[in-house]
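Going in written order, the chains are labelled A, B, C and D, and every chain counts its residues from 1.
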Amino acid sequence: MKYITTIDEKQYEVEILGPGQVSVNGHVYEVDFQSVSGQPIYSLLVDGQSHQAHVDQGEEGTLQVILRGALYTATIEDEREKRLKVAGGVGTAASGEFTMRAPMPGLIVKVAVEDGAVVKKGDVLIILESMKMQNELKSPRDGKVVRIQVKAGDSVEQRQAMLSVE
Amino acid sequence: MSNFSKVLVANRGEIAIRIIRACRELGLHTVAVFSEADRQAMHVRYADEAYPIGPAPSKDSYLRMDKILDVAKKSGAGAIHPGYGFLAERSDFSQACEDAGITFIGPRASAIAAMGDKAVARATVVAAGVPVVPGTEGEGSLSDEELLRVAPQIGFPLLIKATAGGGGKGMREVKAIEEMPSLLESARREAQAAFGDGNVYLEKLVEGARHIEFQILADMEGNTIHLGERECSLQRRHQKLLEEAPSPFIDDNEDFRQRMGAVAVKAAKAVNYANAGTIEFLVDKDKNFFFLEMNTRLQVEHPITEEVTGVDIVTEQLRIARGRQLSLTQEQVKMQGWAIECRINAEDPYNNFLPSTGFVSHHSVPTGPGVRVDSGVYAGFQISPYYDSLISKLVVRGDSRGQAILRMRRALEEYRIVGVKTNIPFHQRILEQARFIAGNFDTRFVEERFSLEQADEGRETHPEIAAIVATLVANQQAERSAHIIARGKRDTSNWKWISRWERMHQ
Amino acid sequence: MSNFSKVLVANRGEIAIRIIRACRELGLHTVAVFSEADRQAMHVRYADEAYPIGPAPSKDSYLRMDKILDVAKKSGAGAIHPGYGFLAERSDFSQACEDAGITFIGPRASAIAAMGDKAVARATVVAAGVPVVPGTEGEGSLSDEELLRVAPQIGFPLLIKATAGGGGKGMREVKAIEEMPSLLESARREAQAAFGDGNVYLEKLVEGARHIEFQILADMEGNTIHLGERECSLQRRHQKLLEEAPSPFIDDNEDFRQRMGAVAVKAAKAVNYANAGTIEFLVDKDKNFFFLEMNTRLQVEHPITEEVTGVDIVTEQLRIARGRQLSLTQEQVKMQGWAIECRINAEDPYNNFLPSTGFVSHHSVPTGPGVRVDSGVYAGFQISPYYDSLISKLVVRGDSRGQAILRMRRALEEYRIVGVKTNIPFHQRILEQARFIAGNFDTRFVEERFSLEQADEGRETHPEIAAIVATLVANQQAERSAHIIARGKRDTSNWKWISRWERMHQ
Amino acid sequence: MKYITTIDEKQYEVEILGPGQVSVNGHVYEVDFQSVSGQPIYSLLVDGQSHQAHVDQGEEGTLQVILRGALYTATIEDEREKRLKVAGGVGTAASGEFTMRAPMPGLIVKVAVEDGAVVKKGDVLIILESMKMQNELKSPRDGKVVRIQVKAGDSVEQRQAMLSVE
């Protein structure tokens, strides 16, 4: 199986040659890959070097790999250049509309914008209180605020849609 | 005062467990209280007794003095330990305990009140000859207009701070008068939400400042000592993240340490202090130091002092509350070796440190020589949004600062938590920074000179390895999804289910 | 000797991890080796490199010198640490390392050989003026006939011990000459199986004996010191279960300690010892002490000495192997406080301590002040039948023996392992025994004066609580079985499966 | 639901009165009972007293409760005096024939008895090596050895039947 894997804008051609062999950009590695405790922790031996990685689902179908304390965001596409849908991606579209979802359960302290407001990347949209901290949630892009679904005083669940920027 | 044999711990999380452990090791019985969100929490299981005190929000449970005092009476607890946060710095609670004939394991109500209002505290210590940072001392309830008027006299940059506050909540930095009105509004709003008190005061921002604090112990007879300092300059948004003892800024300058320590003791004595407390100082690069505030309670970062002095601070608190003398004199206090604490928080360092909640499916803590973990979670615990984000305190001790840093690095690499995001990668980066290793940092270091992305530059990276892992995981997931769909088509027999369940439970 | 920067750890389990941690904290790279049963073991993940060395049985993997030396050469490791067990006391392995130009982190082959044959060892130390227990010294390869002839001269009771042995394997107690032939047979069989050498010798059984051992450190220049003693009398079938430092039998009798310590140093010097080692003594009630044997390696129970002396023994081993002098002199060695170690084994204390294997589904270790856990397992690990049953070493430190005991009690109560049976309840009982608390016990205490059932008598018990728990669990199981059968009748949709899987992996 | 629960030969009449209430021999307790981490670890609050128990399946359908380091073996029967079958019991019959099963995987060092041998309780039947220890497996009762299914040198799996005593 051949994949194109992008890490921090750099592409790697990764081919799984069989159990225990992987090639990266044509270089063949001996690989022993195991998940630990049935958790998303992986032990990887690459030519004898021992690595431990914690892998989470990222946004837009990416995988977040934490390796020796560093984060790598990976996009994996299969050989026919079709994006591989990894399970459990977060529901923010890559382009078009951005839906702001609650990153954790909490209490809406303030909705800082009104429906139809024009916002710039970095503008505060919502202040959410959780774990005794007030967190300012900012717009990831320029756009227009639509579909505000929460108001100050509301409790929100994790991943609950709060408003959109289009 | 009294010779109590049962202690109610009016707190939750790691600090409740810390206190329960200390009581157990002294043969004291313990009573836990818990909110509806905490029935599964460790402190409920570790205590001898445990009673529910209401719904998840703190104001309905851990802040309910009436319910907690009821539990104390019902269970026959002779003393209450408040931990930190919640009711720990509420003079009315200390008073209510005294009125109910229950020993409050902490200072007298008068000392909490005097130090609790930051403005009063400053006035008190100034009267005792302790230097303070220039600011609005006197009354704590100045209006916005008054604060705007006095601000230019203090000079910019300055800080807005919550009068009732602590932990960076309700704190704002002001660079110029123009931005002050909106910052006053947000500071008051946050202070009101956090402490039920929107009053704020102003304080000059000491540039290049270090935050260094002294641990105080005082018994009922007025014997007052300090256990040396803790370096707490590594903060983010005024939240401490990593502390060490001793401070690399003081290091082996014993004369400087004793001078600061003597002033700290003087400040504590100014309010007739008893039990454990902490005097916080700002220190500028010329070694001028200013009283910042006193925390009239056990501090989150107390373990590093324990590790370098060998004094068990919670045990001392219990001794003092029983009316006994301090178990050591100032001359007997020796700092040996070096200790570092990393606060492991449920927050995403790669996403603006947003808090992270969820089910902890795996919790594998580092162990081995010189490593101590004070934790309140376990595999199977649900981290809720109701309380603060501290998962555990990872503390290491070494013969030298260098050894402690290397030990902390290996401990962070070993630490595995699955289910919530944590700031472990942040700590790993900090510990690789040349400036940190050189001990050359101030309270602005994290915000001004550090970012995870910059920190990542120049380090050895492993993008190829990451690419291999990610691809193998994605490949496995794709295969498994296909497999699961295929399997779902078959009927799952009852007996397979049962035998699987049996295997799990044998 | 050499200034190696990469260390191969020729071991597994908790001791491999202990060594890897020490190397990491010194900035040394580490190489792990693993058998087919150990791909998921922690030491594989904690090391910088890891290589397979063969099938699960030790003789096909961890005992394969050739494969291990191959890995050392391939990976460029400049040194090998053997841990304990496996190849640690094989003089031919030490020699093979030297021949290959690889530093063996341990004593020279000649010292291992001299101390490895118990009979030769006794002869050597006797020549140096060290007292030994009466027994068959001289040759180690006496026939059954010869042993039966000499036995009455030594007197009964006596012990049959494996010449190549250690850890109680191949050891038998003989009360009278009649039972000797069959015991010789079984001792030789066990010794052959364990060490590949069926030779045995006889030794007088010292009654009321305590097993007290001294930790030795010696550098290449011959500087030799001791780090005080460990009390190891609490044994079952000659297996140590609980150790403490100092020994309550020596306690603050510093003169006695230094006399024994000086003899221990003399014994080590008799074989020109270098690196870490342990001299074991038997001590009778009149404070006569006899050399028992020398363990020419790191000892399982080394952490308690570290906790009371502050010396990191593994770090010292690495220093010594690099040709550096000891980092401290005999005068600088101070024992402070008290440390206890409980060996947590996968065995069923309620069923004759039979080993227990299985999948560890939950592993929640005690933490907090004064607690150290050296462990080789984690939640998700499969404990196999191939290696010894040690899961972890739970070590506590206290200011006094009393505090250490209370701390160990709370730590044992906190320790939760699910999936295999453990001897934790055994330790809990021991720590409640009046004789143990009084420090009044010898090597026969566990077998002669203690049983879990007797220990349970006279304690506070909670049969009603047990009845409630058992009934509620049984009720729940009955309900759940019914529920599972009911559920199985419905079709399980693909999508439910997938969403469950997603939840687990987010 | 009413049960007769026997602990160390003493009987307790345990009635589950509803969520949060249990009576033992007529005495009513307020009970809060929860399993921890989905493991066979239970947190039990009984009139405010906090207990933590580890519960394992024992032999013959019993439950083994470890509570503050003490072991209690419990037999639970339902109200109609019928033994409650708890899941996963070990397959040794209460009376009649005893089948010795390997308590852990290992290597048979020696079968100390022959088919038809008459043995007494405590006699060594098999020596099994596991975890570097030789373990003597003894007969739990007097009887006659039958159906020996293993010999020296065999590897056995956990719970594998090795011989029977009738």
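Assume a residue touches a chain if its C-beta (ideal position, glycine included) is under 8 Å from a C-beta of that chain, and two chains touch if they have at least 3 such contacts.
All of these numbers come straight from a predicted model, not from anything done at the bench.
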| Which chain pair shares more contacting C-beta pairs: B-D, or C-D? | C-D
| task | Select the chain at the greatest separation from chain C, using centres from the mean of Cα atoms. | result | A
| note | Chain-centre distance (mean CA atoms) for chain A and chain C, in whole Å, is 46
| note | Per the C-alpha centroid definition, the whole-Å distance linking chain A and chain B comes out as 30
| query | Hey, what residues on chain A touch two or more of the other chains? | reply | 37, 39-40, 49, 56, 87
| said: Using the touch definition from the top, which residues of chain C touch two or more other chains? | reply: 46, 361-362, 378-380, 481, 498, 501, 505
| field | Residues on chain B engaged by chain C in the complex (per definition of touch) | value | 17-18, 21-22, 24-27, 46, 303, 306, 310, 312, 361-365, 367-369, 371-375, 378-380, 398-399, 403, 406-407, 409-410, 414, 477, 480-481, 484-485, 487-489, 491-494, 497-498, 501, 504
| field | Sites on chain B touched by chain D in the complex | value | 32, 39-40, 44-51, 74-75, 378-381, 498, 501-502, 505-506
| Contacting residues of chain D [partner chain C, same complex] | 1, 3, 5, 7-8, 10, 12, 14, 16, 22, 24, 29, 31, 33, 37, 39-42, 44, 46, 49, 51, 53-56, 63-72, 74, 76, 84, 86-87, 103-106, 109, 129-135, 138, 158
| field | Complex contact set, residues of chain C against chain D | value | 169, 189-190, 193-194, 346, 348, 350-352, 354-358, 361-362, 384-389, 412-413, 416, 418, 421, 424-425, 428-429, 452, 456, 459, 461-475, 477-478, 481
| field | chain C contact footprint on chain A (complex, rising order) | value | 32, 34, 36-40, 43, 45, 48-50, 52, 56-57, 87-88
